[in-house]
Every structure is written in structure tokens, then in C-alpha cells.
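Chain lettering (A, B, C and D) follows the sequence in which the chains are written, and residue indices restart at 1 in each chain.
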Amino acid sequence: MSAAIALPAKVEKKKTREGFGRALVALGEADPRIVVLVGDLVESTMTSFFAERFPERFIEVGIAEQNMTGIAAGLAAMGKIPFLATYGAFATCRAADQLRVTVAYSDLNVKIGGAHGGISVGPDGATHQAMEEISIIRSLPNMSMVVPCDYWETYKATLAAARHQGPVYIRFGREDVPVVTAEDTPFTLGRGEVFAGGEDLTIVACGVMVYEALRARATLLASGIAARVVDLHTLKPLDVALLERCARETGAIVTAEEHQVNGGLGGAVAEAVVRAHPVPMEFVAVMDRFGQSGKPDELMDAFGLRARDIVVAAERALERKRKA
Amino acid sequence: MSAAIALPAKVEKKKTREGFGRALVALGEADPRIVVLVGDLVESTMTSFFAERFPERFIEVGIAEQNMTGIAAGLAAMGKIPFLATYGAFATCRAADQLRVTVAYSDLNVKIGGAHGGISVGPDGATHQAMEEISIIRSLPNMSMVVPCDYWETYKATLAAARHQGPVYIRFGREDVPVVTAEDTPFTLGRGEVFAGGEDLTIVACGVMVYEALRARATLLASGIAARVVDLHTLKPLDVALLERCARETGAIVTAEEHQVNGGLGGAVAEAVVRAHPVPMEFVAVMDRFGQSGKPDELMDAFGLRARDIVVAAERALERKRKA
Amino acid sequence: MDPDTMTDAGADSAHRAGRLAWPAERLRAKALEIRRDIVTLLAKAQSGHSGGPLSCADFGTALFFHELSVDPANPAWPERDFWHFSIGHVTPVIYSLMAERGYFPLRDLMKFRAFDGHLQGHPSCQDTPGIEVSSGSLGQGLSVCCGVAMAARLDDHPRRVYCVMGDGEQQEGQIWEAAMFAGHRRLDNLCGIVDYNRKQIDGDVEDICGIRPLADKWRAFRWNVIECDGHDLDAVLAAFAAARAHRGQPSVILAHTVMGRGVSFMADDYRWHGKPPKMPEAEQALAELGTSYAAWSARLLAGGADRDAAPSPDGVGP
Amino acid sequence: MDPDTMTDAGADSAHRAGRLAWPAERLRAKALEIRRDIVTLLAKAQSGHSGGPLSCADFGTALFFHELSVDPANPAWPERDFWHFSIGHVTPVIYSLMAERGYFPLRDLMKFRAFDGHLQGHPSCQDTPGIEVSSGSLGQGLSVCCGVAMAARLDDHPRRVYCVMGDGEQQEGQIWEAAMFAGHRRLDNLCGIVDYNRKQIDGDVEDICGIRPLADKWRAFRWNVIECDGHDLDAVLAAFAAARAHRGQPSVILAHTVMGRGVSFMADDYRWHGKPPKMPEAEQALAELGTSYAAWSARLLAGGADRDAAPSPDGVGP
């Protein structure tokens, strides 16, 4: 069912947010109900494509994320399909109460594009490196949430969000990231994809960490370890059946995310695993600290978000699996 | 080290928020740096005691939770020890960005009292039943968080929050809840307490669910099952050592909380357990749905937050432990 | 909730569309019934807010029985005006207005805040037909209404949008974000109404965090400001008419009211913001309002929709 | 960070306390240096904001070298005034002002936004000595300053509190919450400064979500409003003096400025809000400012604190 994803020989890189921006145009062409809102961040969120193509359905709200969220709710209540865009830090934290009461409790058809997720945002530093979105959005009933791994997945997640009835949050990063999927790689909201097979352990990743997971897998394979790689793009609803299968079949799990360790992807997987089939888990994540300024690469190294960190975690998990 | 807590023969009931209100007065007497802020909810948050006793150190901000959080930060930057109070839904969601950037990233000495946590708030309904605080606060670096189980624990948590340098969130409910601890029951920020011994499984609870856990333990004991009960009042930092010990010694864990299941107490414990010693876990919590109006008792029944629900979960966990 | 319960009103009354455009005198009589409903349902629930609902009762009646173009039997009627209470805590008046107007049977009011009812403590669009967006966290409603007004503009739809706010609520910054947006966009299909009762939970608004000069604030945010006595129905109707006539700016009506208005011992007393009358208090209040708990609760429980509310078929008045 | 690096400035200069109270002429010369710093550090980092820092450069220099009572060698000096940039993105001007004033060595500016420096993209009080509260999410700073002003009032302390805001930032509702609070509490120890450069990220403020009439807004929130040309240092000093003299209300200075001011190709162009000059552009900019990248970066790297900044021992001026 799932397409096998090989590490590309030559890595093409593209911004996930560009997938968002392009998909919005495609959506806009197909459906007049699509409306896009932005909070003084047209270029950063790549809503500029839509703004140019459909100026009459583009609403610049200015620096007022709470208001933007409420306006989107009002548009949705009138049958529009609004996509709002700002940095993830502000899309979640600044408008959390608006998301909770006006959007989620009302179950309105609002789509949220949260840009600049993760530490790879780079020199802007901690305030702009959103790393709490999964924890916050997962706690709100009725919300769906996707953290796509590359350009194409973001593109497809954006289309899927429009099709889905109800609020959806899509997280994307700032930097160019390796394109690991293809235009025809399957994508279903709510389902994880096994990108590479293996029976020794499972690496469950989302966002840019999917690429790191594939690289880690290659390294592990060289020492005779067969790691399964799951792209868990949808954080909510969670693909519990797949996670249970991976826990049973491989007996150890490493999660990898560019997000706080508390309540993120790792937390979501841990919750599923202890309920279904408890196995040793290791977490590759930001260890409950704020980000900082630096080059994206420096930061990914310093915060331990690299393939090599996944390899170390995998070895620890395997060791524990053997001892258990 | 931990005091054994027996189910009281005659149940005295008291509001946890009263423990907050009383402790603020005691703190105010001992330390002139204590300042209390409220967002148009003096009676509900029981900051009225402090307001009457120290009107000059009491700041009524009005209905502006973002501003209140920032003002508290400014006071803290000048060496005051501000406690702010409002409903938990607004203390977290409405001011999440202010908590993140101004308070937590600055690591300022702001204390937050979040009232009306949980569904037992009753007739006010979903908007006023805060059930996401643990997920949100746990994701913010530098924060500490306590969910006390009764009047005395809230009182002590409030005193401990004042002693601790850095931001602390304390969650309390609306209703009278059984007083299970005594004035001299030990309380240390960051440490869970074993309230009752047992080797068959562990029930980890916080807030009002501690009482339900003790009741569940009594029921289980009648069928020959010895459940350990842990009062995990501090959600952050987490008492990982205690949780590991419980996992090892009892081999199964049930968590019980009046909070969303995603990223709450159960999530925190699951994260610790899969890293330390994976065991079957069952979650008693609000299952990713909004609350509703009703009498507190009706709601606790309907949402499955009763001793009997813990008993059922315990039996499931034991069954899984046996099979594993 | 049983969907059948929800459509009782539609079942036993003619299809009702459009504005009722009742005259002030008739509104006065209806407002008295709304007050009786409010006291009765609060006494029954023994939970909920008394003060704000009573201060909203008169202009609320004018809104529902004169101004709004709606079809209670078909809440999603595409031609409807949009109304929203940003102050979600005034559900007693919201639900009374809705039931009296025919959105659901009057008897449902007797299950206010009840576990087995559909009338949540704060408005929930997932529970109550006719509520379009949930509220209860203050300060969020005007933004929603900006979105609805923008949708109408996009669709070139004549819909008008009404947003009821509190005066204490004016302390929430999001109100001013929305105000700035609406002023900037010249959303003249939008009309705000402030229940200016000078009270909030902890006391006088001007003591807690003064909002004066409120008219200057709205003007500085580029709104057309209309002030009126929010209990004088002639004045309220004139204010609505002025708002409707005004072009190029959104309008806000500062409706000067008295918290708890209509019940002597509640009037102008902030301590009645958030509590219901105990039964003896309710009896006294209902006596002042010319009825009794027994009589009025019987009327409500008798259930059906209010036949008086049926408009002429062309939907422009009785 | 090596704490020793941090106190260089204190080490090689006299203990500096209090206000410098420099005259306008001297401020003009310093403002030119601040602009050179800004362009140089941005060119080095190849990341960061150009436009806002340059529009803040003149009134910022007046604030730091005339108005503020601070002790850069002892940032926690109890008698200090409190200053805070709510617009955290203008770190280039903040850090230049701080370094020139002696908070840390000038050479640190060459590690702006660097992984191994202490100068974060947005102000971080955990990283940079002298930053008291972190910022970077817009709209939060005035609330912090209200808290500081309240603390001063509680302690009967003469501290003055200065908060720099952006004009785009005025769209954030939290600003108006804080404005309402400060007006209500008559916090006359508080002075806001709006960098009124008429631009924000996506273009003209008035196109995006107009904030006009801004003076009326602040007045309606009970503030004393002072308008001035934010690049005319005599006017800025007069504005600060007027704010200091005003009793019974907080004051806000609407400093009319030009985004990117001082660099011809950046001036009044919103596209320079958030990007740094590429090296050839920086050379051109620095030539316009009377220096070169080589010369100015050498000055910065030479490192020490600016000796000119040393006040007379009584701390009331040079």
C-alpha cells in the first residue's frame, strides 16, 4: 500500500511552504470558496502566489493573529474555505484561545498554515522558532494536524486539508528541505506511510526529520540493522493501527521531530504504544529548551536533530530491546 | 519518605482554590514582594482574601489576560513575585504567546493560578472547562507546573511556587473536593508522592482524580489487587525516577486526570515510561472531546472520570500485564 | 439531541422569513416576556447570569423582533442576517429571544444548562440550532462578525451583521483589532451593539479598568458611533435605523443600559452579574414583572413556539 | 558566553551612572555612528532587519545618550530607568545603542545572530546583559512596561519607563489593552515611543490595516500625545522633556520617521523591512554614511567601549 521511498541519489531541495503556496493557487482555481488570509507575512508564508492570482479573495489582516483567526471563523461560518497563514508560533500561541473556542469548539472549516516551524528557522532565534504546535493543537478536540516532510507532501496536505471538513493545521518550515516524495507518492490525511521496510526497529518521523530518518536508515543498514521508516505526517488523528503494527513487528521505536520533546510526535507515539503494545522508545527532539540564533545547519547539529543522532538513539533502543 | 494516605472515613470537602487564596495571604504577610493580579475574577479565583488584606499590592487588571501576563512579567523583572489569577482556559490559551515569549523565554518569576480546571466546573460548559493546560504548559521550557489534589496540597503548592525561582503554573478546580492530605503531608515541588503502597499496578493521578484513585484502590483491594497510588502533583519537572520505579516494580500503570488525554498527565507518564521501562498503560481522561454543561457529578460520570472507571482501566492493564 | 425536538417550532408554525419590524409598543410587551423568561429559566437552572441578560433584554428584543431578517424555522436560510453575541455569558437572554422568535420550543428554556438539554451555559453552535459560532471567551465575537461581513462583501450579498458586546468586554484587545480592521475595510454592513451597563464581574467598569471615553475610542477606530438609551425602544429603533442608513463605515450603538434592569433588587448591582435568583428571589422578581414562577414556568413548559412572531408572508412586518 | 567579555566595557571606563543628557549636536554625530554600526553588523551577519533600525536610529540615540538614566557597567543598577523595545526585530539598532553606550564591547556587534555570539536575532534577556525582558513577538512590550511602572509606583521609586513600539505593531490588540490600563492608572512614569515610519512587512501601514488617526486613538485611551519629527533631534529632546514634565497621564511620542532613513536606496521602501544589505549594497550605504565596511568593521572589531560616553561623575551630563 505504501510507496517505498529511497534516498534520492541527487538531493533536490525545496521549501515546504512553497508547496503550501502553490497548492493554494491550485485550490483557488478549482474552488471559488477558497479565501486566503495573512498577518503581514505574505512572502514568508508564500501566500504571495495566491495574492497575485486572486487578489479579491486574499485578505491582508495586518499584525493581529487573534483577529485573523476570528475572521477566518466568520468566513467559514458563511461557507468559505479560509486558509490563514502566519508563523507557527503566532498561529498557535497567539491565537490559542481563538482556535479553541471560536474554531475548534465550533468545529469550523478553518485551515491554518503555520510557517517557520522548528529550529531550522535559523538566525531569527527562539521567538520565531515554533516548537510547541503539536502539543497545543493535539490537545484541542476536532482539530486535525499535518506536519509534512517535503514540498510534495505539503502540496498534497494542503489539498487534503481543503477537502477535509473541519479545522486543519499544517506546519511547515523555513528552509529548503530535500524532496523525498514524488508527485504521485500516496498521501491520505490521518494515515502514516511506511517509507522503507525493516524489522529491527521503527523510526517514526515527521517534517524534515523524515529525510534524516532515511539517512539514518542507510547508516544503520551498513551495520546490518534494518530500520523501518514511517513518515507520520498526520499527528492528529493519529494512525494508531500503523503504530501498533510497528511496535509489534519491530519491538522498538525511535521518534524524530523538530519540536519540543514534551507532548510532540514522540509523546503522541508513546501514548499509542503504551496502550497498544509497549516497547522501548527513544526520542530525538528538542529537549525542552528554547532555540537560538545560528545557521540552520549549526542548530540542527547543536540540538541533536541529525541522522547521526537518530542512529545513536536507534542503537540505544535496540540495546534496550535486546535486554528486555 | 512518602506519607501513606488513607481514604478518610468521613470525607471533608474543600475547594482547592481556597488553598490558593489562603496561601496568598500567608505569603503576603511574610514577603512584601508578593503582588497579586486578577482579570475581573476576584471571587472565583479567591484572590479576594489577599485583595482585602493587602489592597495596595493587589492589581485588578480587568478583562485582558494578555496584558495581565505582561504586567506580571514587568513586575517580576523588577523583583516582585507576582501571582496572577484567572480561569485556566484563559490563563493558558488566551495568553499562551505571552507566557511563551515574555514569561518563559525570559524565565521570569511569574506565578500563574489557573482556576476552573477540568470538567467538574459544571454548568458553565465547555468554554470554561479548562482541559488543555498540561499539554500547553509542558511544552514551554522553563515552566514548572503543579496540579494539586486538594486544599492542603494547593496551599503548599502555592507556598512552594513562591519559593521557586522561575515561572510556575498551578491548576485548581471549581468545586469542593475531598481533603485527602493533611497539613503536614510532605510536599516537594517536582516530586510525586506514593500515597498508598501496592505491587500489582500503579495508579498515577493528579488533581481531584487522586481521591478517585484512592477509592479505586479500595475497590481493587477487595478483589485482591494491590494498587499503588501515586499523587503526581508536579507535571513539570516530572518525577521520572519515581515513575521508572513504579513501572519496574508494578509492571502496569493507569493514569487518571481531569484533562484531555492528548499530552496530559497520561502523555507525560507514557513518555517517561517508554524511555525508562515500557509497561502496559491505560488512560482515564477526557477522550479528546469538549466538555458540556451539567452538574459536576453528572459530568464526571458521563466522561468516565470515576473510581469505577479507574477500576475498569486497572483490570484492563492487569490483564495486559499478565498476557505480556 | 434529538433533531426532531429542534424543529417543533417550524412544524407548527408557518414558514417565517424576514424582518418582523414590530413597532416599539409591541416590542415593549415582548421585552417584558423576555424578562420573565430570563428570571424563570435562571430560577429553574439555579445557575447562570442575571445582570447582563436583563440589561440586554430591550435592545435584544428590538434586534430579534424588529431589526433582524432571519428565518427561525430555517436557521441556515441563505438570505438571513447574521447575529452574534460576543458576550456568551448572556445566554439567558439569547435563548429567550431565540425561543420566543421560534428557533426552538419555549419549553427547552427549562433545560438551561442541564445535562440533558441543548442549551449550554455558553452558546454552542454544535448544540443549539440557530447559534452559528460558539462563544464564551470574551472579546472574540467582533472578529467573527468581521469575517461574516467580509464574506457578504465577497459574495455581494446584502446580509447585515450584528454583534452584541459587553462594556467590560471592551477591555479585551481583540475587540480593538477587529475594530481597526472593520474601520479600515469600511464594513458598513456591520453593526456593533455595546451593552453599556457600566458593570462587570468585579464591580464598576470605570473602577476596574475604565473604558471612557468610549465613543471617542470607536470614532478613533473609524466607526460611526450612535448612542442611545438601551431601554428606550423608540431610541433603539432609531439607532438601528441610523446604523442601517450609514454608508462607508461600520456603526456601533452604545446602548446605555442598567445591569439587572427590570428587577428592583438586581438593578445596577454588579453582584448580580453572574448568579441566578434563588427561588424566593425569583418569585419576588416575577411578581415585579407581573407574573409568578408557577404561571410563567407553565407557559414555558406548555412549549410551542410563539405564534405572535409569525410575520406576514412577504417577511416585512406583521 | 564568557561573562568576562561582558564586562570589558565596565573594566576600561569609569563607573557610569545616570543620564548623559548630551546636546542635540553631539547626538547627531552619535546617530551617524549608530547607522554605520547597523549597516556594518547587518552586512556581516547577512541576516536581520534594516528598515526599522534605521528609522529608530535618531530617537534611539536621544533615548540612550540623553534621556535614560542607566549604568551600562551595572545593568541591574537599582536606580536605573527601564527601557524596552517591544519591536524586538530592531535588534541592530538596540545592540548598536547598547554597545556604543557601553553595555558590551563593540566587537560583539560583529557576532550579531551568530551561533557563537550573545546577540540573538530578537532580544533575549538570558543571553545579553542589559536586556531585561525578551521580545520578538509583537505587541507584548507595553504590558511589560506597565508592570515595571506599577512596580515603581508600589516602591515609590522615581524610575521612568520607556517603551519603543512600531506603527505596524499598533495593530496588535494587546497594545490597546496595555494602553487602556496605563491610561486608567495614570501611569505618568511611563513613556511610549512609536516609530511612525508608515511601513510594515507587507507594505504601507495605511494600506494593510490603517492605524490613522493614531493620535486620536491614544488620546481616547487617556494618554498625553506628543508628535514630533523622529529624525529632528531638537524636536525629539523637546518631546522627551514634555513627556517627563507631564503629570497625571502616561505620554506617547509619535515619532514621525522614514523607514531605512540615512541610506538612499533603503529610505521609505518597505522591502527593506526585514533584509540585510548584500555586501556591495552595504558598501554603498556606508559610503553614503561617510565610511567603508573595512574601516567601520575594523572600528567595531577593535572592540572596546566608547569612551565618549563617559559622563561626569555626578551622572548628569558630559
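In this text, a residue touches a chain if its C-beta (ideal position, glycine included) is under 8 Å from a C-beta of that chain, and two chains touch if they have at least 3 such contacts.
Computed from a prediction, not measured in an experiment: that's the story for all the values here.
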In terms of mean CA position, the chain most removed from subunit B is D
Whole-angstrom distance, CA centroid of subunit B to CA centroid of subunit C, is 37
CA centroids of subunit B and subunit D: separation to the nearest Å works out as 41
Rounded to the nearest Å, the gap between Cα centres of subunit C and subunit D is 47
Note: subunit C residues in touch with at least two other chains are 124, 134-137, 139, 171-174, 177, 180-181, 209
Multi-chain contacts in subunit A, i.e. residues touching at least two other chains, fall at 61-62, 64, 66-67, 89-90, 93-94, 97, 100-101, 105, 126-127
Contact graph of the chains (line, ring, star, complete, other): complete
Residue set of subunit B touching subunit A in the complex reads 89-90, 92-94, 96-97, 99-101, 104-105, 126-127, 131-132, 135-136, 138-142, 236, 253, 260-264, 266-268, 270-271, 273-275, 278-283, 288-290, 324
Within the complex, subunit D is touched by subunit A residues 38, 40-44, 60-64, 66-67, 89-90, 93-94, 122-128, 292-295, 298-299, 302
Within the complex, subunit A is touched by subunit D residues 45, 47-48, 88, 113-115, 117, 119-122, 124, 127, 134-139, 168-169, 171-173, 200-202, 208-209
Within the complex, subunit D is touched by subunit C residues 139, 171-177, 180-181, 183-184, 209-211, 213, 216-217, 219-222
Contacts from subunit B onto subunit D in the complex sit at residues 35, 56-57, 59, 61-62, 64, 66-80, 82, 97-98, 100-102, 105-108
